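Same chain, two partners: chain A is paired with chain B first, then with chain C.
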Partner chain A sequence: MRGMFQPCFAIMLADIRSALRYPGDILSGLSFFIMITTLVPLGLGSDQGELARIAPAIIWIAVMLASLPQMDRLFTRHAKNGVLEQMLVSPAPMAMLMLAKILTAWVIIILPLVLAAPVLGLMFGLPFHMLAGVLGFLAMGGLCLVLIGAMAAALSLGSRQSGIFTAIIVLPLSMPVLIFGVAGISAIQTDHAMAGASTGASTGASTGHMMLLGALTLVLLVLSPPVTAAAIRFSEE
Partner chain B sequence: MMMFDYLANPTRFRKITTAILPVAVLVSAIALAFGLYLAFLASPADYQQGETVRIMYIHVPAAWMAMMCYLLMALSAVFYLVWRHPLADIGARAMALPGAGFALITLLTGSFWGRPMWGTWWVWDARLTSMLILFFLYLGYMALADGFERAERGSKPASLLLLVGVINLPIIKFSVDWWNTLHQGSSVLRLDGPSIDPAMLKPLLIMALAMLGWFIAITILRMNTLIMRRRITNLESRKSWS
Partner chain C sequence: MTPSPIHHPSVQSDTGNRLRIDDLAMMRGGMSLIEALHLRLDAGQLMFLRGANGSGKTTFLRGLARLIPITQGQFAINGIINTADQSALMRQIILIGHRNAGLEHLNVTDSLRLMASLMDMDISQQQIIAALDHMGITALAHRQMNQLSAGQQRRVALSRLVLAAPQTHRLWLIDEPFNALDDAAISQLCDLITTYCHHGGTAIISGHGHMPLRPDATLTLGTKPQGVVT
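Coming up: the complex of A and B.
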C-alpha cells in the first residue's frame, strides 16, 4: 500500500512547492476573485439588504469564474515538460495520481478563495453567524469544482483554445454545485431564525443542502480521477 | 454486435445507407405532411389551453429527439472508445448538429408556448434549465471535437465528454416528476399508460416519426460527407509527403 501512496504524496508536495515558488499565480487568482465581487455593488447600487440577499450567489459565481483560468493551466506545464508522460509509464495507477493532483489543486486554487470569502461576505453585509457556513459550503463545493475542472482541463489539453473549452465544459457541469451551494448558504439565515424561535437541536434546510453537495462530491470523487486519467492518456497518444 | 461489425466496412456502410436514405426521406415527407395536417386542422383544441396546444406537436417530438440523439451519440462514444472504430466517432459527430438543432427548437417552441400559457417567455425551472444545459453540452461537444489541429485528435476527449454529460438525461426526463415545476408532467411515456387523449396522441406520434425520418436521413448524409472529407484530408496529407 505504501508503494501506491508514495508517488501521490510526492506529487502533492512538488505541486505545493512549485505553487509557493510562484505566489503571484495565487495572488492574481485572488485579486480576480475580489474584483468580480467588487463589480456587483458598483453595478447594482449599494442597498445593504439587497446585497446581503444576493451575496451567496455573487460569491459562488465569483469563485467559479476566478478558479477557471487556474484550472485550465492544471496540466499544461506538466504536459510540456514530459511529467505527464512519466506518470503514465509509472507503475502507480494514473487515477490515483490524478486524485493527488486534484486534491492539491483544491489547496492551491480553491483554499485561498475560500479563506477570502468571509471578508467579502462581511463587505456584502452578511450576518456574522453565516460566515462559518460560507466557509463550509465553499470548501465542499470547491472540491466539486476542481474535480470537474480537472476533467475539463484534461479533455481540452492541447486544443486550439483550451481556455474557452475548459470554461464551456466546466460551467454547465458545475451548475448543480452552484444551485446547492447558494441555496445552502441562503438557508442558514432561515435556519437561524427558526432555531431562535424553537429551542432544541434541529437539522435545518442548510444541512440538507450540505448533504446533497456532499453526495455530489462523493460521486465526482469516483468519476473524475479515472476520466481525467483517460483524457490525459488520449492527449499523450 | 454482429450488425455493427457488418456495418463497420465503410464501402458496405455507404451501400446500405444509400439504400436507406430515400426510404427515410419518403417516410419523413409523408409523415410530416400528414402529421402537420392532423396537428393544425384535424385535431381538437385543448379545453384549457385552446389553440396553443398545437405547439405541442412540434415541441414534444423535438424534445424527444434532442434526448434520443444525445443518447445515440453517447452510445456511439462507447463504441468508439471501446472498439476504436472511426465510424462510431463519425456517427457521433454527424448527429451533434441535428441534436443541437432539436434542443434549440424545443427551447424556442417552449418559449412561444410559455408566453401565452404561463405569461412569460422563460422560467428558471428544472426542466427548462436542464434542457438548456443539454443544448450547452451539444455546443461543448462540437467545440471540443473540432477544437484540435488534427481533426481526429478531438474524437476521444469529445467522446469522453459525451459520456460524462449522460448524467443530464435522467435529470431532464424526471425533472417534472421530482420537482414541482411550472412545466406540466409527462402525459405520454408513463408507467400507467398515456394520459393524453388519443386524438392528440396520434398526430404527436406521426410528427415524431417525421422528425425521426428526417434525422436518419440527415445523419446518413452528414456521415457520408464526413467520411469523404476524411478521405480528402488523408489524400492531401499523403500528397504533401511524397
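Coming up: the complex of A and C.
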C-alpha cells in the first residue's frame, strides 16, 4: 500500500512548478497588493499617526482583494482539461488532495503577499519590531482566506459568472478573518505602545485575537477540504 | 488507514468476473440511456462500447468510475461493488476520459508523473521514457503540455495506460481513444490493448463506427432492448 500522502505531494509539487514556470499570476496579485498599499498612504497624506491607525485595515483589505481573483481561478484550468476528473477517480481521498491544493495555494497566493507586507508596513509607520506579529496574523488569516476561497471556487465551478459568484460567497465568510486580523494587528500596535510607555512587559492583547483566528483556521481546515471535494464532485457529475 | 486486501495483485482472486453488471439503469438529463443492463466481463476480455453521439457511452463509462450516480441496479469490479469504499473501487479501474488531463504548464514528463501518482502507481523516470517510447513520443518528453498538438496530447494521455499496464487487475475504461490519433498511434494503441488483454487485463473502449480491434463483446447503446452481453 503506497502512502496516500504521495499523490498529495505530487499535486503540491506540480502546482508549485506550474506557478514558477508561469509567474504571471503571482506577480499580478503581488503588484495589485503593492498598488493598493502604496496608493492609500499617498492619497491620505503624511499624517504618520493616522496612517499607523488605519494600516491594519488597509493591509488586510489589500490581501483580500489581491488574492480573490487568483482563488477564483484555483480550479478552472484543472476542470477544463480533466485533471479534476482524474483526481476524483484516484484511490487517494479527494478531500486530502484538495487539502494539498489548498496548502499549495497558500504558498503561491498568500506567501508572496506576506513576504511583501513588511516593506509596505514601513510605509504605514509600522515599526520593524512589530513585524513578526503582523506576519503571523497575515500568514494565519491568509490560510483562512484560501480555505474559504477554495470552497467558493469549487462551488462556483461551471457557472458562467464564476467571478461574481466566488466574490459573493467569499465576502461574508471572510468577515471574521478581517475583523480578527485587523483587531489583532491593532492590538500589536497598542501592546507595543503600552510596553514602551510602562515597564516594558507586553500586555499581550493580540494573543487573544490570534487564538480566535487560530480557532477559525482549525474549523476551516476540517470543513473546507471535504466541502471543496464534494462541490467538485458535484460539478463533474 | 488499513491496507485494502484487493490492492496487491497476488491477493487478487480471479474466480469472479472482472466486471459484473446487474440490472443497471442510468439517466442523463432526464433521459433514460441505459436500462436493465446485465453484463459479464472476464479477465482478458475486450469490450467495444458502440453508439451514436449522445447515446450514453461516456455516461456509462463515467458511471462505472462512479463519477455519475447510477439510478438502478449494481455493478462490481473484481468483486468490489459500486457502493463499496471509494478508494477500494478506484484501485480497480483506470479511466481515460475525453479530456486528456494534461497539466498545461508542466512538461510531458512532470504531467505524466502526477497522473501516475494519482493512479496510485509508483513509477521511475525509465518507465516514463518507456511509456512515451511506446506511444512514439519520446522526443516530446521535455516539451510543455500546452505546446503540443491535439493528437500529441492524446498520445500523452494514452501513455498513462502503458504506465498502468503492469497492474492487470484494473479495468480500463477508455472513452473514444481513437479520436485525434493518426494511423501510427492507432496501431500502437491497438498493440497496447491487445497485449494488456493477452496478459489478463480487461478493457472497455467506446467509439462509433469502425473499431480497429477485434472485441470479445460489443455493447451497442441507443437501441432499445439491451439484454445480456458476452
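What we mean here is this: the second predicted complex is superposed on the first by the 222 of 237 C-alpha atoms of A that agree within 3 Å, B and C clash if a C-alpha of one lies under 4 Å from a C-alpha of the other, contacts with A are read in each partner's own complex, and residues count from 1 in each chain.
Operating definition for what follows: contacts are C-beta pairs under 8 Å (C-beta built on N, C-alpha and C of every residue); 3 or more make two chains touch, one makes a residue touch a chain.
Please read all numbers here as calculations on a predicted model, not as lab measurements.
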Would you sort A:Pro172 into first (chain B), second (chain C), both or neither based on which partner it touches? first
First (chain B), second (chain C), both or neither touched by A:Ile11: second
Looking at the overlay, what does A:Glu50 touch: chain B (first), chain C (second), both, or neither? neither
If touched residues of chain A are counted for chain B and for chain C, the larger one: C
Let me test your reading of the model: by the given contact rule, A:Asp25 touches which partner, first (chain B), second (chain C), both or neither? neither
Examine A:Glu236 and indicate which partner it touches, taking first as chain B and second as chain C; both and neither are also allowed. second
Is A:Arg77 touching anything from chain B or chain C once the two structures are fitted on A? First, second, both or neither. second
Check the residue A:Val89 against both partner chains and state whether it touches chain B (first), chain C (second), both, or neither. second
Taking the complex as given, what residues does chain C use to touch chain A? 1, 3-4, 7, 65-69, 86-88, 90-91, 93, 95, 97-106, 110-111, 113-115, 117-120, 122, 144
Complex interface listing, chain B residues touching chain A: 129, 133, 136-137, 139-140, 143-144, 147-149, 153-154, 156-158, 160-161, 163-165
Under the touch definition given earlier, write down the residues of chain A that touch chain B in their complex. 151, 154-161, 164-165, 168-169, 171-173, 175, 223, 227, 230-231, 234-235
In the complex, the residues of chain A that touch chain C are 1-2, 4, 6-7, 10-11, 13-14, 17-19, 21-22, 77, 80-83, 85-94, 97, 233, 236-237
